[in-house]
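The two complexes that follow have chain A in common; it is paired with chain B in the first and with chain C in the second.
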Partner chain A sequence: MLTSLLYKLPYLVIGVFFVIAAVTIFLRARKMTRSEFFKVFKEAKYIQAWVLIVTFVLSFAFGVLNHLNSKNWVSAVVALNYSEASQAQNSNGTRYNMAEITCDEVIEKAIEKGAFENVTVKDIKSCLSVYPYVQGNVNSKEEYHISTEFIVEYCASRKTRHLDAESVIQLITSAYKEYYIEKYTDSYRLKTDEERPDFSKMEYMDIVLYLNKEATGILNYLYGLSEKGSSFVTSTNTTFNSIAGKVFQFRQTQIEENLKSLILQNGIVRDKSGYVDRLSYQNVNTGFDRQKHAASFNLCNQAIAMYSEEMTRVVLVPTWDEVGKYYMGRTKVGIDELSVKATGYSDLVAGNEKEIMDNNLVISKMNAAANVNVNQMADTLVASIDKSLIDFTKEAITAGREFSNYKMNQCIAVSVSGTSLFSELKDILIFAILAYAAIVLYAIAKKDFKKE
Partner chain B sequence: MKTRIIEHLKKVLPPEVVFTWIDNFVIEKCENNEIVIVYYGNEPLSKFKKEYQETVYSHICFVAGYENKIKLKQRKVKREKVPKDIKEKKQGRGSVAKWFVLSFIFIAIALSIALVIGNYIADRTFQETFYNVSSLKANNTMRVIQISDLHSCEYGENNKVLIDRVTKLKPDIIIYTGDCLDSKAASRTNVVKLCETLAKVAPSYYIYGNNEVERFYKFPLNQTELDAKFGFNDKNRDPSKLTAITDDLEKDLEAAGVKVLKNEKDTVLVGTTNVDVFGVLTSNPSSFWSYAGDEFNKFLYENTENLKIMAIHEPTVFTEFEVETWGDLAICGHTHGGTARLPLFGALYTHEEGFLPERQGYYVFGRYEVSGRPLIVNSGLVNNNLLRINNKPEVVIIDINRF
Partner chain C sequence: MKKSRIFTIIRKVLPFIVVFCLLATLFIRAKLSSSNTFIASEVIHYNDEQAEKGFAPTGDKLDVNEIKSSAVMSKVVNRMGLTGIYSVDNLISRISITPLPDADKLAQKEAKLEEGEEYIYEPSTFIVSFAATSDEGPEFARTILDETLDVYFAEYSQKYVNIAPANNTVDKLYDENYDYIEMMELIDDGIDETLTTLYQRMEKNPYYRATSTGASFNDIVDEFNYLRSVKVSSLFARIYKYQLTKNKSVLVSDYTTRIDNNNIANTKETSIVEDIVVVIDAYVTKMRESGNTNITYEYILDNLHERNLTGDNGYITYGDQTVTYDELIYGWRDHNELKEHAIIDSAYCRYVIDTFQKCTGACGSGECQNSDKTCTELHNANYNNMKQEIDEEIKVLVDELTKLYDVTTQTNNEYNEFLGASYISVLSTASVVSSVNVNLYTIIAFFFLVVVCCGGLLVIGRLGDIIHNNFYTDPLTGFANHAYLEKYLDSMKGKILDLGTVFCMIEITNLPAINEKHTRKSGDEVLKMLARFMKNAFGKSGAEFVRESKGNFLVMANSTKYDTVRETMDHFKRYLDEREEFAEVQIEYKVGIAEAAEGEHTALKLLTEAARDKKPYVSEAK
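Right after this comes the complex of A and B.
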């Protein structure tokens, strides 16, 4: 604050010189003719030692204060380096919003990172401004421009002057980069080792379901990445599809064939009666669902049968294709919705029946066998499958991170710049000229006009 | 009358005529209806007679009377006879220049003193410099704080200000890259206390600088001195004999919970990321490979999935040797940012590289790239140097993430 006040002092001094000179000249020039007035200026001494010295001192003081004051202003360029940016979109296809660079969440993160004290989000926000690097004109097609570079300016206020401007803008942009990547690119995460359940307390068939789900999760993650970068090759020369192929194969052979078969064939279970009861209860519930779905299926069929013949005829409906070309579409009226529903219910009934049959199979296997040694074998297999899944998870995460880094590392590039030396020198030069003019005018007013 | 005539002429005639002719006129005689004017200038009088004589004579007669006869003569200029007003003008110009030079020198000295004092006062506080480093090995974001070249200075009583800020910045690892204890400091208590307090905040590592070496080893750790001291040659060199030497500072720091790294690495788990920190004792290029090389290679090529941070006091090895990698991040100090920093030219002076070291390509201050990875040179926290200008003491904060 002191610097900003002192910064204005040299201007004030030359202002005082100028005002005194102007008033003196005005008062004295009233008694003079025009030629006499100009003659004074013609004959005046423009190079005087004290004028030069005062100008030098004021300019030096201005230079030092200007330099100190310039540290309160800094700007950064945030450049979006991904293809969707040219369509004003985030990398996930949602609409890009430059105001997010200075949103509360980003500023909060920056305050936390910098451990800034005695300052609020609002204080910092009021010092920040964001605008496109190239400003287009929405009213003109020729001048319409979607900027992919944005300037973030920080100009310290009274409340934020105690903070280092460069640190603030650097932390803001860094926080924004993290915020952006978290929000728009890195939302998919896999479970870490710590989040895995305790298998010793789970039923074996539940473990199979869990491991199956985990493997499917990895597959979905890899397929998702593959859609974004099918040709991306990791540092270990693998692609997302090749890792997914390994995981798919593993799921089929190890989980479905080996583990599930072992459990079913040997009826391996930790708490036989409890598990059998649970499956029986599930079967009852599924049986109810099956009945409901079967009733709905029959209802749809009855409704279709009740339609008059005219309603089932095929009609032509005018419509247009993807390129906007009209054509006559053939469709059946009335029964379409009901027939689709009927098919759906039929599938549900089939699914319910399969589930009941599977459960019955498991129940019968469980009731038939009780071999403790096989339990140990199953435990070993579960541990081995889990370990392999963890390795696959790590491999998938590493590949995903490599891709994320490859795609996103340059996604947002930030360059911070303060006031340049040349711009400061330019300011000093302009000030020196103004100061010299004001002081020399003062000298003329005091000396040469007095003579008259 | 003579003065009146000259003044009248100066008023009514154009400035160039006054400057060329009238200023060089001296009226020698003005009595008995006779006016004698002597011209002391170098211009030919014929030119005056042709162009201005008639006008000038009419003006003289207007002042002195039309009955006067006017005679015009020309004489060579003699130094002592230079007309008074011209002489005054010349003297005036000389004194202005003299005045100006003297004043300029005086003001320059005064401003330099003010600058030095102003900087010295400003250096009572330190700045926090933030860097971002990205590495795929970082599973999570982590923060490393580097403290360097404190030279036993204090920020607040018992470094309270420094401790407060470092604590608030929530580091995951703290690394001291040498010269925190000055070789001439009376006591090491303040440094040990600082390290002890901060060791409670985050795992801390201490690397010796030339000041600690000077104080406890009493000889420079270059290869010649080391070999002579231990009686080593290329065949029987055993670096473990050097690292086995313990001293009071090491004992105090280890007791305070700070790990002193002497050509060795330590692994710390930050979040889910294993971080290997390697501290160099023999930062002199001549002894780096012979005394720290084996351990350094182990640090680089064992557990390659770990994040590697190399901490060394002097940055000289980075300019001396070109290697495949120095780790994921290298940090050092020693240079004090080049003491004073000049606009456009950068660092003014370092002990090893002399004047304007940055212009010669040396690593002196800030962030550089070495072997494709970042090197951060800390300008240190020492604040007892009057010439440390435009170079505020700093604490370096490095945020490492995978972006």
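Right after this comes the complex of A and C.
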């Protein structure tokens, strides 16, 4: 505050010089003819020692204060480089909100990164302002504009003057970039050790389910990426589909065939009674579901059977389809829907029965298993599959990040613009010229006055 | 007063006017700035085609004023940490929503209405604005508007697009007094409902992945299914196997009641089914008798069939083409289904009752049958430990599910924001303008003030002129009159005149004779001529001329000398002697001149001296 006030002082001094000179000259000029007036300027001494000295002193003071003042102010341009930005959206399709550039989380992160002392989030926030680089005009359709570049300004206050302005703005923009990537870009992640289950306490068949689930998760992630960029090739010359193909194959052979078969055929189980009880319960439960689905199936069939033949007559209807093309439609009657429903229930019944049969197979295998100790083999295979899945996850994440970087072109670009030495020198030069002009005018006015 | 005199005065006071105007302008600028408001505006457009009919995607009436509803604004206040600083009503009052109708569609609507056709069109593009005071600044306006629309987009999606809930119904379930099997049933039902909702989400957007959780709906479904098939079924199996219950009697009674309720419901359903069969038969008979069943496959409807129908509320929807007969058949099927499912539910209840009542064989005499306790409870010493274990495991399961529900909620919230942004697009991002262009108005105010001041000065000057002309000017010669002289002498009473002040008195001594000889009119014309000669003689010396009485004149000159005035009067005499007009008139006159000495003369004294100094002159007739 004090610096910015002092910064205006040299301007005030030359302003005073100019006003005094102008008023004096104005008053004198009223009693002069035009030629006399011009003569004063013609004969004036434009290079005088005291004028040069005063100009130099003022310019020096201005230079120092200008330098101090410029240290407190800095700005940066944050540009959004991804395609969704032009629709005022974040890269994940949600609405973009530029106020987040200076939100509390970002400032907190910047304070933490810069290890700033004796400042709070509120202190720094009060020094920051954000506005669009170009803003549209809502009153004219032609002037609508979606801003994708924003200026972040930092002007140090009394509480934050001890911080280097350029560092602050650099840390703010860098923290925002991190915050943005964390919040709005793909964030498929590897499970931490705490999140991973302890396989030694799990039933082997549950491990199969778990590994299957993990493999499916990776596949879903890759299929999602493939939908966005099926032709994208990573730095290791792979595509999402090629990685997905590997994972799919791995799931089929290693988990579904090798591991599951090993467990099933050898009846590998930690708590046979508990596991068999669980499968039995599932069978009972599925049995009730099967009964319900079978009842619905039968009812649909009965409804079809009781549907009167006289009411099943159909007629042709000229109509148009979803894309607006004409075709001859046929009126639907109840039996159409009932048949579809019946088929659906039949599928469900079949699904339930398969589930029961699968469980029964597992139960029979468990019961028939000889006490050959193959657990060690299964454990080794589980560990190996788990490791492979972690590797696949890492590969998928790396490919995803590469794609994000490619698609979003680094997502956000930041350019910090403080006051350069050249621009400071330019300011000083302009000031010096103004100061010299004002003081010379003052000198002329004074001399003329003395003469009178 | 002459024009030049006004401008002379204006020129003299111009610096003061400028200073005054500058100060006044500064004041005006301060006032403008303090009363200025910053208006942030954004243009949004509802993409859904129903919006142009005035409806939301669900078919509900689209109310854009929901943008400034208290539900939205209270969330904005919370998000921005403004609780207690700003009231929700205060912020709501500052939001305005202006529709931007499409001109073509409006014209189309008017044309259709003129033709008597129905045409529904409602604007789907709106300008949403927020006004902030000058103290709050433009950034505040922009931020509030941004946050408001952020919240609204998510609310819109939640209310009109992504409406099926995936709520956590099992949170802290173990704190309630449920039996183990009931808890597990509630958990299983909760998972079932959640999965149904999640499958709907998956179907609409199979690859949607929330960046906040890193999870897709697919992933969440897999997690729920995994927990269900591993942990839920394991707990169920153990509860059944070890007959774990908090109270056997209550449990058995509960499931017996369920069977009774199912039986009652089934009686009702059987009756309904019988009635429907009667209606179906009657319907077919009537249709047959009326000839409506004689349609053959060659029959083709004449008119193009409209797929969409308009409901009572004007909402265009896909037509429900289910015929009454189908409805009767579906009714028959649905009621039978309810009946059959109730029978299966009763079978399940009996299974539960049997499971908890059956004797495991540990009690030889079947004492468990008549006991409040299950067989396992009576004979397994480890029963309480098992109950405790189950309790703990249910807690762990519920906590795991709660975490999963949190992920689901977070993912769903982001999905809502995503849908909101896809259903409502931004056409122009928030731009801020001030209600008043302070700089422009400040410049205008400055120039206006300068013009007003100068104009005022002119008016005042002219007013002075009018007064002077009416009261202090001699109408014949245009000189000041006697009243002016008296006023002047009064104002100068006791004041010493400046050095260089010279009074010159001129008296036409033969004026009565001229009037008599050449008519009064000629006398007046002679006086006018004399006045003109006086002015010519004194030129631009700045002297003031007074016609004191009929033929008496006084010239008051400043910054001059006695000799200068004497020389001027010589000029005057020459003018008079060399005149061509009224040459036949002899003019006799006296001239008296007096100069103020330093610190000695008052105006009256100098006037007396001038009168005393009078010397006679004659300008002969030719």
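Keep in mind that, in the parts below, the second predicted complex is superposed on the first by the 285 of 452 C-alpha atoms of A that agree within 3 Å, B and C clash if a C-alpha of one lies under 4 Å from a C-alpha of the other, contacts with A are read in each partner's own complex, and residues count from 1 in each chain.
The definition used in the following text is that a residue touches a chain if its C-beta (ideal position, glycine included) is under 8 Å from a C-beta of that chain, and two chains touch if they have at least 3 such contacts.
Everything numeric in this text was worked out from a predicted model, so none of it was measured.
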item	value
Touched partner set for A:115, first chain B, second chain C, both or neither	first
Which of chain B and chain C A:272 touches, first, second, both or neither	neither
Partner chain in contact with A:88 - chain B first, chain C second, else both or neither	second
Partner chain in contact with A:365 - chain B first, chain C second, else both or neither	neither
First (chain B), second (chain C), both or neither touched by A:170	first
Per-residue touch tally on chain A - higher for chain B or for chain C	C
Which superposed partner A:129 touches (first chain B, second chain C, both, neither)	second
Touching partner for A:52 - first (chain B), second (chain C), both, neither	first
Parts of chain A lying in touch with chain C, wherever the complex brings them together	23, 26, 30, 87-89, 92-95, 97-99, 129-132, 135-138, 143-147, 183-189, 203, 206, 209-210, 213, 216-217, 220-221, 223-224, 227, 274, 277-278, 280-282, 284-285, 288, 291-292, 295-296, 299-300, 302-303, 306-308, 310-311, 313-320, 326, 328-329, 331-334, 337-338
Contact set on chain C toward chain A in their complex	11, 15, 41-43, 127, 129, 138-139, 142-143, 146-147, 149-150, 153, 207-214, 216, 218-219, 222-223, 225-226, 229-230, 233-234, 236-238, 240-241, 280, 284, 287-288, 293, 295-297, 299-301, 303-305, 307, 321-323, 325-326, 329-330, 332-333, 336-337, 340-341, 344, 347-348, 351, 414, 417-418, 420-422, 425-433
Touching residues (chain side chain A, partner chain B) in the complex	42-43, 47-49, 52-53, 56-57, 60, 64, 113-115, 117, 164, 167, 170-171, 174, 177-178, 181, 192, 398, 401-402, 404-405, 408-409, 421
Chain B to chain A touching residues, read off their complex	15, 96, 99-100, 103-104, 107, 111, 115, 127-130, 132, 134, 136, 141, 165, 168-170, 272, 343-344, 399, 401-403
